[in-house]
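First the structure, which I've put down as structure tokens, then a few questions once you've had a look.
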């Protein structure tokens, strides 16, 4: 738990609780024998114990003496330790803090650091008030007329049932259109492959060898292509003519030369 | 009206909270052997004409809703919903090809048909089970109903436009592929829940 | 007394038959969008002083037995679960501070809250998860439910015992030490000697 709070002596103005404080009066504070105070299971942590100790001062929580509270808590811890009772770490951390706070409260004011002991004390007091208020609120809540304990709903309600029914809608046009789309979708599909302008490898081979036969010098590959072909045919002719050139070189009918990478590819007939 | 006395109030609350009808004796025992007859009579008279009655059934007393308001306990709510694309197609196929089995519907549509799709058409009252086809597996076959004809304003199924008329109206033109793919997605069994309700309103 | 009109009777029958408390809107919807406000007011007045009451809890209406008859109706079998002290405290903190995170609950109680404690309240249907707080870590925050109001007989959270006084005293402010420091300053400014008025209202 956090230990960012502590207490200070604020009880100088021992408050006289006014009427509006009813809720914070310790309704559950029980008169208990001191001996019972060593029942460790009785408290849910040190704040709970502090609240109980504070209520034993029998004043409004706003008027409690923090110094007295600190002393009571420390006494409690000491007695528990003397009896070798197992103490949760929370309780010891709180004890250490309260001991520090007590010394701070007793020191001259000038030597105080920030936050001041008075502020720390106020925080502790506020926390106790908050917890006390919630404990009181819980008790009042539980004491209300509760459904199923003090007041009762109808034992055997008939129940309300709403049956949802659908009214479907569709019109003539949607119906006929849907059928048309089913028919259109499932019509046999005919794939047409359009004729494309290509130069086959065979025709490229005969064209390149024929042209090589009438030329003695090196010729660039592109000179073998049909001069006025449309781009698509020209690409096809280039590919076919290239393969034809490789074929002629492989069969020893032509020589191939290329001066640089991606440079023009040149062909020359091999004279036997 | 004078306010009810404590015994009347106690009997009223006891019967209200009771999980089962109670005999006068049981009420009396519950309330420390008080004589509850007069209280029951007074309550009966008080609730006469209200939305709730105190009634005696086989010597047991209970509150119940006034008989004329029984319809409030069970209400019907009509939701108007548009037929989904898939259901419209199936309905059209049944109308054009009836009687037709589910397998045949699927063959014509070219996609699987969710069970819910036919259920919707049965619920709408436009399609009925027309028996079984006498082939192996004896599949259920479906046909349209008189309600179908009247809803779509048809004198008979012959009023449905023929294939030639559909073609003339441009309804047989191939549709955009993406659109078809989308329609197919919606129509398949993979999404039976949304397939039916996706385009309902 | 004039006999109740049809709408009053219908609202009466509907609420008697309902298994759950109903909002005025739900009653209205059930009765074909009738305006039920006046009918509810008339029924409230009619059942005033009877063994059964019409009450509003968190904007939902329900009939229930009159609280002063509790001693006659209490059953051997307690429907109400006994809550541990920790659970009652947590419930009160949620109700008075909602929405509230677990860390905030723990800051008020000064002890860790066992997971089971909140679970008990969630299971009872009195507390619900009300989202997450948009701060680092996005902690889950808790709030009470309409069933909480029904169970504890509260028309709304404003009916929580002493909530106005607690708020005025600053005891429902967020747990924040900087705020405390501020309060202290304000307090000491006005009454520098005592600091007693830190809980100024």
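All chains are identified by letter, namely A, B and C, in their written order; residue positions are counted from 1 within each chain.
The definition used in the following text is that a residue touches a chain if its C-beta (ideal position, glycine included) is under 8 Å from a C-beta of that chain, and two chains touch if they have at least 3 such contacts.
No experiment lies behind these values; they were computed from the predicted model shown.
Novice: Considering only mean CA positions as chain centres, point out the chain farthest from chain C.
Specialist: It is B.
Novice: Counting only C-beta pairs in contact, which pair of chains has the most of them?
Specialist: After counting contacts between each pair of chains, the winner is A-C.
Novice: Measuring from the mean C-alpha position of chain A to the mean C-alpha position of chain C, what distance in angstrom results?
Specialist: 31
Novice: Measuring centre to centre with CA averages, how many angstrom lie between chain A and chain B?
Specialist: The separation of the two C-alpha centroids amounts to 42 Å.
Novice: Find every residue in chain B that makes contact with two or more other chains and list them.
Specialist: 13, 16-17, 63, 65, 72-73, 75
Novice: Spell out, as numbers or ranges, the residues of chain A touching 2 or more other chains.
Specialist: 152-154, 158-160, 162
Novice: Using the touch definition from the top, list the residues of chain B that touch chain C in their complex.
Specialist: So the residues of chain B in touch with chain C come to 1, 3-4, 8-14, 16-17, 30-31, 49-52, 63, 65-66, 69, 72-73, 75.
Novice: Using the touch definition up top, name the residues of chain A that touch chain B in the complex.
Specialist: Counting only chain A, the residues touching chain B are 152-156, 158-172, 174-187.
Novice: Provide the residue numbers of chain C that touch chain A in the complex, in ascending order.
Specialist: It comes out as residues 14, 16-19, 30, 53, 62-67, 70, 73-74, 78-80, 83, 85-86, 88-89, 91-93, 95-96, 106-112, 150-154, 160-162, 165-166, 168-169, 171, 175, 177, 180-181, 183-184, 187, 193-196, 198-199.
Novice: Which residues of chain A touch chain C in the complex?
Specialist: 1-2, 4-5, 10, 12-13, 15, 20, 22-23, 44-48, 62-63, 90, 115, 118-119, 122-123, 125-127, 129-131, 133-142, 144-154, 157-160, 162
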